[in-house]
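Everything on this sheet refers to the single structure shown next.
Labels run A, B, C and D following the written order; every chain starts at residue 1.
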Amino acid sequence: MEIYDIIFYLFAAITLLSAFFVVTSRNIVHAAFYLLFTFFGVTGIYVLLGADFVAIVQLIVYVGGILILLIFGVMITNKITQVDIKTGTVHTLPAAIGVGLFTGIVGAVILNTEWRIVDSPMPVATLSTLGEMLLTEYVLIFELLGILLLVALIGAASMARK
Amino acid sequence: MNESLLINFAVVILFLPLLGFIVTLLLGKKVSKIFIFENLVMLIGLILSIVLLIAKVTTFNNVSISSEFMWIDMGDVPVIGQIQIFLGLLLDDISALMIFVVFLISFLVHFFSIDYMKGDIRYNRYFAYLGLFTFSMAGIVLTHNLLMMYIFWELVGVSSYLLIGFWFEKKSASDAGKKAFIVNRIGDLGFLLGLLTLFLTYNTFSFVEIFTEISQGNLPLNSEFGLTITGIFIFCGAVGKSAQFPLHVWLPDAMEGPTPVSALIHAATMVAAGVYLVVRIFGILTADAMLIIATIGALSALIPATIALTQNDIKRVLAYSTVSQLGYMIMALGVGAYKFAFFHLITHAFFKACMFLGSGSVIHAMHHEQDIQNMGGLRKKMPITYATFLISAIAISGIPLTSGFLSKDGILAGTYAFGTLTGHWYFPFIGFLVAMMTAFYMFRLIILTFHGEPRNKEKYEHAHESSFIMVMPLVVLSILSFFIWYTPNPMDPEAGWMYSDWIKNPELHTPENLRFGFMQSDVTSVITPPGEHRIMYSETYTAALHHVHGSAVFLSIAMAVLGILLAFVMYQWKKISADILADKLKPLYKFSYNKWYFDELYHKIFVAGTIGLSRLIAWFDLKVIDGIVDGSAAVTKAFSKSIGWFDDNVIDGLVNLTASVSAFIGLIFSKFQTGKVQTYIIMVIFSLVILLFLFKSF
Amino acid sequence: MNFPILTFLTFIPVVGMIVILFLKKENIKGIKYTALIATGIQVILAVFLMGNYNYSLGGINDASSFQFVELFRWIEIHDFPWIGTIKIDYFMGVDGLSTPLVLLTAIITFIATLSSWTIDKQLKGYFALFLLLDTGMMGVFVSLDFFLFFVFWEIMLLPMYFLIGIWGGPRREYAAIKFFLYTLFGSIFILLVMIGLYFSTTEVLADGSKVFTFNILEMMNTANYTSDGILSPLNPNNWRFLAYIGLFAGFAIKIPMFPFHTWLPDAHVEAPTPISVILAGVLLKMGIYGILRFNYPIFPEITQQLAWYIGLFGMINIIYGALAAMAQRDFKKLIAYSSISHMGYCLLGMAALNTMGISGAILQMFNHGTITAMLFLIVGVLYDRTHTRNLDDFGGMATQMPIYTGFVTVAFFAAIGLPGLSGFISEIFVFLGAFSYDTIRIIAIISTLGILLGAGYMLWTLQRVYLGTLKEKWAGLKDLDRREYLMFIPLTLIIIFLGIYPSAMLDVMNTSVNTMVKFMQDSQMFFSSFGG
Amino acid sequence: MEVTLTHFLIVSTILFCLGIYGIVTRKNAVMVLMGIELILNASNINFVAFSRFGNFGLQGQLIALFVIVLAAAEAAVALAIVLNVYKTFVNVNVDEIDSLRD
């Protein structure tokens, strides 16, 4: 058991547990907070995988942006004065059975597959490489994503204004 | 004056009338005096043609001048080689003489028409048409090749059509024009075939080149028969245009046109074109072809003469007389009396034109009365017209001291000689018979018109001598009917310049074995002057001609006098009543009076036949061919209807069945459609699970 | 690359059509003038084409001696299942065969546009279809790729159907569907033969590989045939004879040749005047053109075999058409049948297989185009004023409308074949040619009767309509107006000019016709060396 | 047991399935969106993991970045839609909003 492994299990546990609470918690605000932890766990996993920049972005965008947005959504769509901001669930049993089976099978597939793993050294400081790629080879996609974001923002704003 | 200038003269002469035609036609509506231009043009043409004739018979005697340009170049044609079609003019003795005749008469007719047509609503157009006609006629006369001859041949037909139908408001006039054109076309078909045969063999249309080839022994279609048939084909054109039997029916009808037109076209020039054509190709006619030509000519001389005996329309009598005289010429050509035929063509042109114009003068005076039974006694009212008419009638009857005697006697002598040489005696027989009949009906005409008592007082009272403009041409033409213009010896044309200098014996190109015996060259050939080389009239013929000359002269005068006497006996002195005679010979009289029923016969057979056939074809087209088309459409429709039923009930039934099955299944499955995303996702997940189990990739 | 004049010639009308489609329906003037300008440009281009045409180049089977050639790959599909590479060229060019017809098409269309001025129903649609039709016609004459040719051939069909079916007379639907089905029926044969030929001929590409081709020049070269193609002469069991008949029938319907002619009178009678003009002036020429362009050089050996029959059908057309015309009472129908008769001369001339005959046939196409166009315009003028076409209703028009009657006389006499007018030259050439070919000499002799019958019915018509006394009810008719002058004068001038100076047209086609005759004789030798 | 690719994949699988569970069971539309975020995160883990172990260089990470950006855009748009839905139906319970049906 190396320290790397321990850290992995730790983060995996954080991620999965909080994710479980996200989907099971009846209180929507709680769920949102659990989601924060999930994102945090995922960030850790990224770090473990040597993706430092992705991890940072995850933190900033998800935690700083998306989550806030979601909470705002919760706030707006539930009257704050309403004490009970819990939400109901539907057909939990068939979903649990289906998802459970699905998890099992996919897991089995993953375990039974012989992954061709290429041992490569842990990358250090991916930032400059990523930046170069973004502005050379993937510049078109980069630009398109920029436009997409812009469009999404304008669209969202105009839809919400109505 | 040199040759090129002369040929340029000819070109100018040819195109002057065309200019007149175009200008007069286009300006006719705007400028009412434009007809003066047309007359002026004709006068210039006449002067030029006189100059041309004089130059030709003096300086350029014996030479024929031609000039040509390439009209169509077919390039290097496979197998044959170069084919080029030339058009051009040929100026030799006959064309120079003929162009003068054409222009002289044309000018006189123009002049005459100024008064005669006065007051007509299409006055200027009339002169334009005359110009077109003169142009076409000049083209026929001056051309140096067969194609151009054919082109102008047809153009003459059209201008004749336009002029005959000039008063097109009258149905009879437009009918006559149409008839003339179509009957002419029948002859032209033959002409066309002859043309095609010659071109096929020699790849050229030029007279000179064709004649050269033939005299070198290259015959059309490589056979002697080919040469004969070619000659006959081309002669067909002449049959149409010169109104020869059996295509003579159009000419009397053509008298529906204005009378000066009849004088110009249907007496002096256009109908002479047929004779002119035969004159042109005389050199390549075989003995067989000539015999046929002579036979046609003889029939054409005889039949119309018999018809003319009983006609009462002044113009019709003249028309039949024209056909008869043209038949004379054709017959003369057929028996080899080439020079006499052409001579008669000229003399006839003058005196027949004079008679037609004279009849025009009479008709004009009588306010368009044409029936001689309503005339009589006009001698006193119209002395000049009477005198000129009489001179012409004497000329046509063949009384000495006139031009008609010279030419007609020559023809009769020719047929006589032919009879003695070949044994075909019916030619001279018909010749002399027709001579007598001609004299008879001509004087019948004169007596009924000018002598005796007026039978229609009222019209008679109004009659008067015509104006100078109308009389002048009559005088000119009648003066030309005297012998003195042609020969110093009134009894012997051979003594004159016309015969010895102006008209030459033809050059023969037909192979010797295809000619008549008397036309073959023999050792005792006549010694001819240097210019007249290769002239192929043998000693035998000349001898025969001289031998019969005396008796021919005697006989022809006797016949003419007999005919005239008979006319006087019957109509002037009334010793024999014409009516009683007609009554006695009723069938013959009716036969003659009804023109041998040619019109009826042709109408029944050809016109009605064609129209009937065309109706049949139209019916066939509409009912049978279109019926098949429509029928197949109907069959297809019926078939498609049954298919449609099958489709509606069987195929569509199956389709509807599947549809209802699907609808049923759909009804069941629609239960699964909750509209909630979550339900769908659960289903997807379950299906995925099932699929994963099924494929068991783990 | 030079100025692509042929493409412009062909597609200028389409440009005009698009412009018209953008115009408002009420903008009548704009629509009319757009069409007039489009066709006017076409005339200018066609005249320009004639002016720059090199008379010494033959064309026919030699790609290098075609002129104004435009050639590029249009469709190319590699490794198509079963077939391999498919290639279709955009191949245009003219030679002496097509140049006169290009000019004819331009002129006739322009005059038909002028004559369309009196159309007053759904102008926009009318002119749009009209211009589309124009493109189809022009394209047919300039394409040298069978596929391209066929495309244009079919493009032409649809506008014609609507032009007759919508703007026609009382029985327009019947006439339109009849026209459409007839022509389509013919097109099927053409299509079949086209495909058959495609799979029998190969073309060598630049890289040395061989592909099937639609190029008709390659189809003329016997070296290009595959040994097992269904229409290959190298294949002992080939279907060339049947293919020839099929192709011929396809084109013969357009001519129209007896017994496929019955669509013509109906179509003519029902079609509006300008469409009749186009139909007679241009469309009928396509049949003859197709036979000369395709049947003759691609199947020379069968042409030789069947020349007698072609001549025979020519003769039947001439005499049958003339007789049928004589019995008609409808003016337009009479002209329609006279068209059939005149197209017979083309067939007869073609059957002669020699320079005179084929030149005569092409010239006859041109002359018939102008003359018959004029005849239909004449009927149109009269119909516009009187609204009847029954010959018995008329009489004495010459006194009421003298200038009009002047034009009528020129046109009628040109149709009769009067020397000095263009019809004569082509007729005499046809007869010269046919008479020179001994196989059909008798046919030629019998056919001369057509001249006589032609004179008969034409003069009869002239008499019935224009001569005689004027009927009272027509006393108020006006003579020609300025627009009508503009239609008649050019045609009259062409008719007279070509009658006097036919070399203007003959020189254009001479080299080509000579080349064609030579080529056919050479191939004849080639085929006879095959022993069948 | 050394941590390798399989472990990461297992984690992402579980995360993915939890996301689906969330989507399926939750009534509230915002909660559904949270499920979607989980799924996106799961996929991102996969990308990065394959990038690490699969010799693809950094392309996997790059795609993960793009996915994050898309997620942000998606969240914005989706929330706007939710807002609109709320305005229309006064609640955001997806099981009650089925007016597209029939």
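Just so it is clear, contacts are C-beta pairs under 8 Å (C-beta built on N, C-alpha and C of every residue); 3 or more make two chains touch, one makes a residue touch a chain.
What you see is a predicted model; the values in this text were computed from it and never measured.
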item: Chain whose averaged C-alpha position falls nearest the assembly-wide average; value: C
item: CA centroid of chain A to CA centroid of chain C, Å; value: 76
item: Euclidean distance of C-alpha centroids - chain A vs chain B, Å; value: 111
item: Inter-centroid spacing, chain D versus chain C (mean Cα positions, whole Å); value: 71
item: Averaged-CA centre spacing for the pair chain D and chain B, given as whole angstrom; value: 106
item: Multi-partner residues of chain A (at least 2 other chains); value: 90-91, 95, 98-99, 102, 106, 111
item: Overlap residues in chain C, where contacts from two or more other chains coincide; value: none
item: Where chain D touches two or more other chains, by residue; value: 20, 24-25, 95
item: Pairwise chain contacts, counting only pairs that touch as defined; value: A-B, A-D, B-C, B-D
item: Residue ranges of chain B touching chain C (in the complex, touch as defined); value: 71-80, 83, 147, 150-152, 154-155, 158, 161, 165, 168-169, 171, 174-175, 177-178, 181-182, 185-186, 188-189, 192-193, 196-197, 199-200, 610-611, 613-615, 617-619, 621, 625-626, 629, 633
item: Sites on chain D touched by chain A in the complex; value: 1-11, 13-15, 17-22, 24-31, 33-35, 37-38, 41, 44-45, 48-49, 51-55, 58-59, 61-62, 64-66, 68-77, 79-84, 86-87, 91-93, 95
item: Chain D contact footprint on chain B (complex, rising order); value: 673-678, 681-682, 685
item: Footprint of chain B on chain A - complex, ascending; value: 90-91, 94-95, 98-99, 101-102, 105-106, 108-109, 111-113
item: Residues of chain A touching chain D in the complex; value: 2, 4-5, 8-9, 12, 15-16, 19-20, 22-23, 28, 31-32, 35, 38-39, 42, 45-46, 48-51, 53-54, 57-58, 61-62, 65-66, 69-70, 72-74, 76-77, 87-92, 95-96, 98-100, 102-103, 106-107, 110-111, 115-118, 120, 123, 126, 129-130, 133-134, 138, 141, 145, 148-149, 152-153, 155-157, 159-160, 162
